[in-house]
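See below for the structure under consideration.
Chains here go by letter, A, B, C and D, matching the order in which they are written, and residues are numbered from 1 within each.
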Amino acid sequence: MEARKTLNFGMIGHKFMGKAHSHALRDVNMFFDTGVDVRMHTLCGIGDDLEQTARAYGWENCETDWRKVVNDPQIDVISICSPGVTHMEVAVAAAKAGKHVICEKPLAMSAEEAKQMCDAVTAGGVKHMINFCYRRVPAVTLAKQLLDSGKIGRVTQFRATYQQDWVDEDCPFVWRFDKAIAGAGSMADKGSHVIDLARYLVGEIAETAAMSDIFIPTHKDPVTGEAKLVTTDDAAMFLTRFTNGVMGVFQTSRVSPGYKNALRFEVTGTCGTIRFDLERLNELELYCMEEDKTAMGFKTIVVTEPVHPYIKSWWPLGHVLGWEHAFVHQYYELIKAITSGTYCAPDFYDGLQNMRVIDAVERAADTKTWVTV
Amino acid sequence: MEARKTLNFGMIGHKFMGKAHSHALRDVNMFFDTGVDVRMHTLCGIGDDLEQTARAYGWENCETDWRKVVNDPQIDVISICSPGVTHMEVAVAAAKAGKHVICEKPLAMSAEEAKQMCDAVTAGGVKHMINFCYRRVPAVTLAKQLLDSGKIGRVTQFRATYQQDWVDEDCPFVWRFDKAIAGAGSMADKGSHVIDLARYLVGEIAETAAMSDIFIPTHKDPVTGEAKLVTTDDAAMFLTRFTNGVMGVFQTSRVSPGYKNALRFEVTGTCGTIRFDLERLNELELYCMEEDKTAMGFKTIVVTEPVHPYIKSWWPLGHVLGWEHAFVHQYYELIKAITSGTYCAPDFYDGLQNMRVIDAVERAADTKTWVTV
Amino acid sequence: MEARKTLNFGMIGHKFMGKAHSHALRDVNMFFDTGVDVRMHTLCGIGDDLEQTARAYGWENCETDWRKVVNDPQIDVISICSPGVTHMEVAVAAAKAGKHVICEKPLAMSAEEAKQMCDAVTAGGVKHMINFCYRRVPAVTLAKQLLDSGKIGRVTQFRATYQQDWVDEDCPFVWRFDKAIAGAGSMADKGSHVIDLARYLVGEIAETAAMSDIFIPTHKDPVTGEAKLVTTDDAAMFLTRFTNGVMGVFQTSRVSPGYKNALRFEVTGTCGTIRFDLERLNELELYCMEEDKTAMGFKTIVVTEPVHPYIKSWWPLGHVLGWEHAFVHQYYELIKAITSGTYCAPDFYDGLQNMRVIDAVERAADTKTWVTV
Amino acid sequence: MEARKTLNFGMIGHKFMGKAHSHALRDVNMFFDTGVDVRMHTLCGIGDDLEQTARAYGWENCETDWRKVVNDPQIDVISICSPGVTHMEVAVAAAKAGKHVICEKPLAMSAEEAKQMCDAVTAGGVKHMINFCYRRVPAVTLAKQLLDSGKIGRVTQFRATYQQDWVDEDCPFVWRFDKAIAGAGSMADKGSHVIDLARYLVGEIAETAAMSDIFIPTHKDPVTGEAKLVTTDDAAMFLTRFTNGVMGVFQTSRVSPGYKNALRFEVTGTCGTIRFDLERLNELELYCMEEDKTAMGFKTIVVTEPVHPYIKSWWPLGHVLGWEHAFVHQYYELIKAITSGTYCAPDFYDGLQNMRVIDAVERAADTKTWVTV
């Protein structure tokens, strides 16, 4: 077999996100022609299951000290899948070491940290990406294409809801309930995703009014069993005005029974409407005004045709994709950007701006005023 | 045929709403046992088509002077279906004349007017009702029953959207586009309905933050063809906090392509969720947490069974109802209240409170502050 | 008020169907311009509730002897809503008396009877209609228009299911369970409707293979409480070949839990597909192949626009209709045919042909062979 | 890393199915604890792209002579993904060599061939599986569990449709259009899947009546461009009676515009109904009769909870799966069966019986008689 350039990856973090990123690295070259050999060089993590995990995921090596990975001269790209509190230090070190970086969301613990990360990757001249991978769900990418082509005219309104249901009484106290660690609750955890899609599809957010609350005041500590106080928001609702005049409205909630992972949005234009639901991620709904007025209606596009984004690399038409495929697409875009030197979004600046919006939403809720981003 | 008490109706207004109310009067005794004879005594209106309309609708008499109708000693109940600017004068006169009154929404042109109407009907000791008849859509009434029975636990969030699409370039300039006449746009026209449902299902609204805009700046005058400036909002979005702590979010729009008459709401509780869509008004969606966790999901209840509100008076199970049936139910409730002396909601005080909320939303949008209702 | 021609109706039968037909007569002139005065002259029925019913429905007179009604020189049109066993005698007498006739389905107890009825109305030179009114549901009429306009190309396949759920253990023994009275079960009761739509939308049926069964062997007599044997089919499935080569498949069932009144069909063409569901009768689903292959999908047309069949006579766009509106449309078509002398379908020959198809299905099931209609 | 038993796979065929099977082998140990090391030993295929494909898919070796793979003493399991015409020879040789075998559907070119394969694997004492992997879609497995638990009572009716739309005029002539190679058309290609699900969920099929046709008579040869005659059915419809008395109806079609990969089924029981759609494979619809009759309806179960089949091995709840995950589950079941010595279905006898049903359907269509399987 002929020689090709190899891209060596190091990954920091081996839990849920580490698994999803690892799987993306395994799959990317089987389905997409990146032109390089993707080598899963080293998985870095802490815990007794590291070795077994590394083997199961297909990593060649494992390591417990992230600095060694970041500074390993063999490694070209660092995937940051560790907790948010570690992002800045790892990313800055990686950038200094000349590594390209892809980082899980949220980018950092504060806008200040995020700013330092942006500065570092810019100074280092490396590629940087934040993994808002829902942009790479084929139906969402198609939505963007339809918007750009003017299919629904000038956008006037945007609505997004992102609801989940952590309402079962067995739901244990996890770090996301603790303001000291998580910063904010549904507003940040779910809000960051819908804000990213809003920025991707509609534009920059200028200002916001907001409201949030905690409805389930305690959850049981999984170890001690004692009730611990929830200090991050269970639900948030906020209005936004975009710089281009579009009106936006958002609802984020982790206390919405029946919604498993229900990120939904609707973009309203002057001559059409687009709707999306992450729980039916192979579909996009589109309404366009047409000449034949007797036969207009919302269309359910099954986004599984070769003409649709990313699809022809997978299976024949009609074979639906799942959640993790978006990660594969994200890595494909990252690798293309690295090998071709082109720009890849969403980058660290998107991550920073996302945090600024969430900060504004949080302040708006705290102060009961409209807050400029 | 045996003698029964007769209830004589007079109606002011013979356009769209007059038609819907007339039809309700025609149908009510065919399907419901009101215990009285409903007599369509006099239809009052202005225009060449009055006589023909009165005959087609089944009215015995027609009249152009509303004062004669209001003061006709034979008439027991006045239905006010004329433009909002006339509501106060007619209603006050009717109350003074001892007539029961049902009035179209909005109750009046201002909260002050509405207050006078409330005072008049209270002083007159007559029954009064405002026609927020969506409360009488069987699926909505069922939603209320389910909420009251605790099916979804304690309510935490409420979201409503009411979208229509007056976006066709042929859409002429109508009075609703003129702030001088209509007061507000989608915020009032559509907002009043969703606010009523919010108050019916959730409780009183305490405060609000809001935003609105005009996206289609002009429409053509249907007569002259010249472009006239739109001065009422095309779309509004607002947050509300209810006095019971529930968080609410609303979107009203008349510029949403694809939505014909899409009043939708979602009530979120601690252990369940309820959803409704006026375009599928025979259905109610319900999610409840159940013991068998493998088989939980949003249920689509086809609200056409004899056990459902109002249904057994109509057709055998499974025969769907339409939009105008809610008007029949509203008249049935009104007549029951009159004959039995019981209370009937929504009444003029509901109409007044509804206007206060809309006023607050409008001020919140104008001032970019949170406004107390 | 100016003088217009009056059309006097007499109706035989005052139960469920009598109610639906009466309501249609009440409504038709309020919404449609028939050009004549529709007079609800005499309601004929048997039972203590006749007078009260007649009054509630708006009939001027009531009568217990159908021959008097049929021979009343004042009466122009006879509506036959009585049990199937009476249809032939009433219709033949009415035709001989020169009355136009509209008859409930099934047209008669046998094809022989139906043939006599056809002969009588033809000999009498009167208008005749069978009330397969689902043809007049706006979405179904629209489906026909779309088919005729070639929107989905040449039809290749047709599938219809009509399911209800008479499975509750409280469901009493009714005449439809008794072969001696009802002839067949779901095959005839539900089958007749879907066969009519198949003939309306696709064409004549040439031959069939079929299967049927009884799954709930007994129901309780509502009076005595004892278990009575069911002798008509609970469910039937049949294949049909149309004379134009189209392939058809049908499922009828009264033992399908969850289906209240679920008549559904799908018409497949060479370049598109149409779907309909009676439980969502304001909607029609349409797929058409389009030039822009990225944005094709099944469209949900909300059939409530002024451009849609029958709609502009009702309410402004977006106000959904119910089940009984189809009866109003059917009467509108009947009256138009009478006053204008034009042809109106479906007529008695359609009723006869419908019975021939059901007979063939029944024989095919009994003999386990393909049977020619 | 500790030593574990290794299971060496050899795969025959590297096109669409080879890709799907290869991916399953790559993923199975990352998500499921099979207890063995899965080694992708050798990929066998013909064509210039074999080496590159093998590398991209993660195979260690490649080979063009299937006999070498089948007889390689290092290899434990043979995956047969090559054209149907090769299945028998490869499977029999593999069984003789003592290899376990998983084979793509259809099992063979004729029931006779299939019988020989069954005899060979039985004689060889090896595990054998046919890849009807839709049984392993979590929602389908859940359907089976719900049926087995009596959730919908005794089954009475089964309906399945499997429609695709190879109707685009660009659709080239492929081998499936040629009776000499493919045997039958939609009846076999799509029919085999729905028949397998029918047998899995309901039971054995006893007899059938059928009909089929060709609606698009020619397709263009992809090389020469000339029109070639289609000799396999575009669509088939058939009735079946199951040995347990259940009534079944099927529609298979490759000429249904708008349907990309729409395998749908509905199982009707005496007290409930289950529905599934492969295009929304993360969902299962369930109706059950309940005590509270006001709140019954079809439930949409989002089958993504840890309590659902296979799910907890993938991602946290609410993260939807795609089409190829069913292949991973199938391989997981196969490996479990091999390592534990337990039985795994569907096996070659299921493949054989499936072909017998299709043969019966084909004969029934050809002879226009009911045919016993």
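Keep this in mind: a contact is a pair of C-beta atoms (placed from the backbone, for glycine too) under 8 Å apart; a residue touches a chain by one contact, two chains touch by 3 or more.
Quantities reported herein were computed from a predicted structural model and do not represent experimental measurements.
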item	value
Selected pair, greater C-beta contact count between A-B and B-D	A-B
Maximum centroid distance from chain D, chain identifier (CA atoms)	B
Geometric centre distance via CA averages, chain C-chain B, whole Å	34
Distance between chain centroids, defined by C-alpha means - chain A, chain B (Å)	42
Chain B and chain D: spacing of chain centres that average the CA atoms, whole Å	54
Sites on chain C at which at least two other chains make contact	259, 288, 296-298, 302, 305
Interface residues, chain B side, partner chain C - complex	1, 16, 19-20, 22-23, 26-27, 29-30, 51-52, 55-58, 164, 259-262, 278-282, 302, 304-305, 315-325
Of all residues in chain A, those that touch chain C in their complex	142, 145-146, 151, 284-286, 288, 293-302, 305, 307-308
Parts of chain C lying in touch with chain D, wherever the complex brings them together	152, 154, 156-157, 159, 161, 163, 167-168, 209-213, 215-216, 234-235, 237-239, 241, 245, 247-249, 251, 253, 255-259, 268-273, 287-289, 296-298, 368-370
